[in-house]
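Shared between the two complexes below is chain A, which pairs with chain B and chain C, respectively.
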Partner chain A sequence: MTPEPHLRRDGAWVGASVPRREDPRLLAGRGRFVDDIVLPGMLHAQFVRSTAAHARITAVDLSEVRAVPGVVAAFSAEDLDLDDITAELDRPAHEFVPTSMPVLARDRVRYVGEPIAIVIARDPYAVEDGLEAAVVEYEELEPVVSDTAALAEGAPLVHDNAPANTLVDVSLFATEGIDDVFAEADCVVRIRTKTGRQNALPLETRGVVADWDDRDEQLRVQTCTQVPHQVRTVLSRCTGLQERQVRVTVPDMGGGFGQKCVVGREEIAAAAAALRLRRPVKWIEDRRDALTAAFLAREQRYDVRAAFDAEGRILAIDADVVCDMGAYSCYPFTAGIEPLMASAEMPGVYKLPAYRVRGRAVTTNKAPTAPYRGVSRPQYVMVVERLMERAARELGMDPVEIRRRNVITVFPYTGINNITYDPGSYRESLDLCEQVLRDEGWYDVRGSADRVIGIGYACFSERTGYGSGAFAQRKMSVVPGFDISEVRMDTSGALVVTTGTMSHGQSHETTMAQIVADRLGVPIDRIRIQQGDTDRITYGWGSFASRSITIGGSAVAAASRKLGDQLREIAAHLLEADVDNTELDGESGVRLRDAPDRRLSFIEIADVAYLRAHLLPKNVGPGLTATASFDVGGDGTFSNATHGVVVELDRGTGGVEILRYVCVEDCGVAIHPQVVEGQCRGGIAQGIAGALFEQVTYDDAGQPLCPSFMEYKVPTAAEIPDVEIHHLETPSAFTESGAKGAGEGGTIGAPAAVLNAVNDALRSTGVELDDTPIARETVHRALEAGS
Partner chain B sequence: MKPAAFTYHRARSVAAAVGLLNDLGDDAKIIAGGQSLVAMMNFRLARPEHLIDIGRVPGLDHIRRDGAALRIGALVTHHAVETADLGTDFAVVSDAMRWIGHLPIRTRGTVGGSLAHADATAEWCLLAVLLDAEIVAEGSGGRRTIPAGEFFQGVFTTALEPDELIVEVVFPRPAPRAALTEYAERRGDFATVAAAVDLDAPRVVLGGVATVPLRVPSAEAVLMTDGPRIPAGEAAAAAIDPRDEPGVSAHYRRALTRTLVERACEEAAAR
Partner chain C sequence: MTEVQLIELTVNGERHDLAVEPRRTLVDVLRHDLGLTGTHVGCEHGICGACTVLVDGAPARACLMFAAQAEDADIRTVESLAAPDGTLNDLQRSFSAHHGLQCGFCTPGFLMLAEGYLAERPEASKEEIREVVASNVCRCTGYQTIVEAIDDCAGRRRAAFQAQLDSGRSA
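Take a look at the complex of A and B:
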């Protein structure tokens, strides 16, 4: 572990916060997003959506729609006749029940906003006129609008094949004798909490432009997705096209956060409509649909007990987790994504001797869910960090000290959850975070009599870059993990590098190029990163779960190294030297080790490789390309961080203000520290949103109550504090450049730290709050009762 | 979120706008800054067949002292008021503007639009009642002046006739010791509760607790006799009768009322 590593880099690209390659076009408004794409004769699509939360469809009549001026076509499920989208786990029926998600609802609707028909018109206004003319008749069924209602005796079934509305029910761990541990423990604490349903809320809503190309015999789909190849696979399965007949490309993206790492029904339907009409079709999700009918996340209920000894050492955790996954399993992850993540990873940074967990996913008549930045970790970290603080309070200990006694300090550490944790700076990040707040005098401020101030922490780790093995362990039947990269050098000595990952705002065009630049000794402006094109890139898994730099970046590095070897081999032949006597000279050339002035530039080598191939050595083919794949071995690599937060509560209103936010993070080698900080800040903003602001709510009939930003309270810049970030660096041995993932940590730590700080501020009231988002009225009531 | 089709008319004068309102009847709507109307049209909650744009009507964009009074034209934007120097007499008006939405909204939204839209938590509506404003309207029957106390009639309902246009609002008396404050979870949101006080009149007006901006005579009586602060807050909280709503119980709204009236009194006294 090294403090502030990026301050002392020396000429290498990795570790330098170079100007982002993306910035000139994005900052000047010259980016190209899906909605910027205009094709000749392009039509516009929107969806007739269910107005009932749970109903049988008895009739869909689109005849009036087709008569609306400007409307070109309207298709129901029957008209398009597409196969369903079904995501599977390799688990027995008592553990997992799959759902068939039709692209357009056929005979049954399961949430308000579910697409029933697609309407296509000459302009976006006529489309909406068309939607108003649709007639759908429903036979209403009783809706299931909460996890408790879903599990209630005799509850109506959302899917007839899922008894007790349970899609996933797994008990991954149950340490023998755990009940005795609880019986004999000095201290047992319990947290029961419910976290609000949230929307990942990319600024750019979902959208697609699709058209059929006769010359290429291809359905060309330009869509803002984190997973272009998975969109191609599903589209080919739903339509019966071969995958070569589908080309998915991805333009600039305004965020995804997981909402776009699953395949959306609308992008499939719009593409199928373009195929049918042989005309370009554009669908841009409007904000109302984005808030009510897009994939949601995060609504979970925990009932967790923890046992401690008198010195504050944790002895056992016993957890029951129920995730309200809404109406369908998402592809490819399934409804298992949240309960499996929580079950597998809950012990986190602590040395836990005994663990029992049951994780369930229930289905309800609400919009379905997808992974959202952090996936369950914001919640279980919040629960575990609350357990720590509650135990500290019961035992009369300092809340940082109790963590110090429990965090893993000797690595590698194999936990009770069968996960081996690679080295991190759990203890160091905790110490430094506390030190910063102490040095700044916040503990004195906390003591002032006339103010209501609290300090809270979250200490956590985060597995980044799940390899195939890790996902296989969760028994996913579609197992993302590897990434393949191809590096190609042209005759000008410049490079095109493919990656199967998909930047949707994370600056991969810059960071991946930095990795290549160091491997080959080529400046980054001679390197182009090619992503988001299924025709040009070998099957990739896109970007999610902090996998891009760890897995994609390692593939890019490995392919670069291979190309470097090839360049050396050709150079050795041309210089009549031994390959072992050659090295890349860091200046776009190869030189001899023992005679550095004898060198060949990459341009000279490329000249031979392409234009004078007869000069190549016998065993080397023409051209300069290298391909390599990478998968994370073992249990992969864990980033970690500690967040410290100071809040002030307003007695008169229950208002919560964040006075100070400190984040000490360790993502191994930071390729581009500023990008890492951007990821931290953005993630923290989303974590604060979950702790204090955002919640998707429904009424008893399952009608969504948050169709606009008036109701769905995404925080603005005014609500998000400055965040001070400190870096520690524990390089990963699992990845090519020592990097660990940095995409999700901010979101993971913030809810726990904020909630702990609020509870610390309420310390004199005797009230403890565990649910999020924290209701201001509840804070006010606590302060009122306590004064 | 695209509006239904409408016919667009640009009015060049107040008379022309009134004429159009008269001719087109119920199917027509005035559009000023569009910051309330367009959102409703995009959701198709409002679907006027005709829009009469008064944005370029001359003579409605003044901010002017007229003796003791302050006159503000209907097309003046929130931002123009926020950045105008109204002196200590009407600092309460310019200071209140920062509570309205966000900067882009304030640069388009207008005084006339806010008063006509008549949201019960809108700052302009509170200010109008607080300062005994007179709303000047023009219709086919000519000009008339409507006292703020009679203007707001219920949820988004005013005393305007269908063919009438707001042309100006007049604040007749200076209010050097007045303040408006409010609470919402996020900056720029409509207030959960807003409170405005004028210690000299005295006046206490609340937003967010009833269907119209609510004067609270019992709290005003306290200000008359006891002087500012805590008892006025108590009186205001006791006087209102809010409903329990999801996320905001009646009890909480009363507590917010108490707090905000107290704080408004403190702010006003400190001017």
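Take a look at the complex of A and C:
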């Protein structure tokens, strides 16, 4: 049944595509997602949401709501009286304007869908009846619905304390003499591009079940979040509860992709309502709200010039980046998440001698944004890869060759952006990707006269597992980075291992167990990974930024090693041997190096550690637990990949068909190759979605135009092609297993590769397309213009 | 209070008498009245297919049906696939082997879609399977491994059937 168990190393768990621990329950319909949770006496909540994009609230009348049969309560902002959610950067006022996001809107609404009141009823149908009875009166204000409108002279202000609707404005690097470089360069190319607003769109919408427990003196919050401890912190601050009075646990999660890595106001409001009512409250976001009022991402505008010499060597990049972050800063990342990512990392895989960037976050009357898989990298990689192709065209060079001349090949490499890149396979991935497409004959197919075919590439790297140092460079006032793991062995020699990361599809129950299994020589079915419980896990930053295996996995490995040392110490004492003469035997035991037949099993050692503690050595306390933390050193570790795409354009419809998709990726040591491939393919599907299909749009009044899947086009198996994946392996020196992050790369490379392929197909038309998503009509017009 | 209707539903071979509001959807009754939470709700407007169940053997969107409409039908949900002792069936095992699921939220819908389709068209080609897989939305996998899982399972079922025929002939 099992397909090729590729890459399995001699007896080791890491590197083997073992069956996933998560699968049996999920396949049997026995997972436990948040909407599957039922508590006795549980009530159901939904939100009265703003129908105006920008308005003063003049009245909120919930009296009719409370009279609806089945409705138990309805609360406005005034009723719940919660503190705001505030995320800040440690930057001066001219670089960052802090704004607060109220849990429920008070006197002002800033986007359609903004929650104004929470309605609680006995069943989900009665809640909907209740919502219809709410009366909200508005004094409408002029809405700001685009980045250009936001920055226009005399524009209305979304936040009164944010002049020019600008929340973040940073100018970085500005290499001395950069203007002279442009003036004297042989070739200067420019890309102006706009990328569409997208929804990360986990198939499971957001949701929470909260109840107050008198015995534990706790507000128990079961919520589908990527960041349980951050939800606890915000909930404690908003309600005034001590953190020990809040327990956040996370059930199975139906995806997140970033949308759930920030704290949502609805989860705070629902929990606060449960606290007020002393009854369990469940909120499950419906799809319309998820499409219009959940956190969005990706709407960016770039104006970028690049200078090249006559041989195609890049000399400078000068970039202006404007990100439309919507109505509020998200916690903990702030509205700086997209512009700061783009500004810091744009030089990417290329040896760039001069760089200047201005990055701005503007606020508009649209749903706020959160990090979405890749965060700005899908956009700036697309821009830089377009610059490469355009320069190649101007210089009459091959687009792969121009990249070859510019990619970093000697590591570690410290870039103009003050980032040191650890070793990767930039050049090798590029060469291999091109070779695969050449060997398969796609360059011949490209030349066929009767078809419109193009080949495009994207070569990129991504910093994965941002440590505290990297996030501190962004000047976040709340600095994520480390992870803590506790490993506990019980009397049966089995293990419970905590991680502060939070799997929402990435298979941590399997991959983390593989890491532990190798460190301690215990089979994975005797290891349970515990995640998503703020009472059981000291602290964690959750899962985002491809940090789980790099940082969480390293903490798990370090704690396992520590427990191994403890087991050896006890065994040495019991065997009356020197501890240096002991080793783990790989079969759940400790043996003597010079006499391997003298061994103690973990069960025997645990028996002493717990049940006959008087036999322990004097310096070892009872119990078998070890805790370790981990933070990525240096500037972190960079995964890399090259994507190669062949597209065919349809002259009749302007449709873009992907004929071939090849991905050559390098995420260092792959813990579970099949899972890595799954992350690549899923990421690529989301990248293709951004390049060709998905866009959240609004009308001039700020009304969302995509309230259902009829308007927001999520691609299916009819649109997403098979992806061939090749693995290269440059182990990371910064992580315990040599692994680099693999969660986001697919999404990062796909838009650039697809867009480049479309432009290659259009090469004879004289038309170049730079905006995404690429509309069929645009392609159609380009083909007509060129024929 | 809203009017309530008495209905009888047959789900996974078991008969249930229920009192429900006429506006209650089949998926809500399955999940919340019968506790069969394996069937998921992804969009409530019939596009994503996470709620796909079999109604008289044919895949149907349980979010687009009222429970009352399913009265005389035979309904099957994902909970019917594994053996009572929890042993996964061949289709479920194939999904696991091919990594055809990540978060697992859409998975019950795809399983029931495939179960219904393969019963109707056991000789389906991989291309035909891909076309049917395009009925539902998965946000994690990029679909390739879902198509491969179903195709592999179909091939194995055909091989097993052929082997049965052959052994019947030789006997």
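FYI, the second predicted complex is superposed on the first by the 780 of 787 C-alpha atoms of A that agree within 3 Å, B and C clash if a C-alpha of one lies under 4 Å from a C-alpha of the other, contacts with A are read in each partner's own complex, and residues count from 1 in each chain.
Here is the rule we go by: a residue touches a chain if its C-beta (ideal position, glycine included) is under 8 Å from a C-beta of that chain, and two chains touch if they have at least 3 such contacts.
None of these values were measured; they are calculated from a predicted model.
Look at A:E777: by the touch rule set out above, it reaches chain B but stays clear of chain C.
Of the two partner chains placed around the shared chain by superposition, chain B and chain C are both touched by A:R287.
In the superposition on chain A, contact is made by A:G31 with chain C only, not with chain B. In the superposition on chain A, A:G505 makes contact with chain C only, not with chain B. By the touch criterion defined above, A:R393 reaches neither chain B nor chain C. Of the two partners chain B and chain C, more chain A residues are in touch with C. In the superposed model, A:Y125 lies in contact with both chain B and chain C. Shared-chain residue A:T653: touches chain B; no touch with chain C. Within the superposed three-chain model, A:F693 lies in touch with chain B and out of touch with chain C [touch as defined at top]. Judged by the touch definition given at the top, the superposed model places A:A718 against both chain B and chain C.
Where the contact sets of chain A with chain B and with chain C meet, they give residues 124-125, 286-287, 708, 710, 716, 718-719. Interface residues of chain A facing chain C in the complex, by the touch rule stated above, are 1-3, 17, 19-20, 22-24, 26-33, 35-36, 38, 69-70, 124-125, 201-205, 252-255, 257, 284, 286-287, 504-507, 674-675, 677-678, 681-686, 708-710, 714, 716-720, 722-723, 746. Residues of chain C touching chain A in their complex: 1-2, 21, 23-24, 28, 31-32, 35-45, 47-48, 50, 77-79, 81-82, 86, 88, 92-99, 101-108, 111, 130-131, 133-147.
Considering their complex, residues 124-125, 127-129, 132, 286-288, 652-655, 692-693, 697, 705, 707-708, 710, 713, 715-716, 718-719, 775-777, 780-781, 784 of chain A touch chain B.
Within the complex formed with chain A, the residues of chain B that make contact are 1-5, 39, 43-44, 102, 183, 185-190, 246-249, 252, 255-256, 258-260, 262-263.
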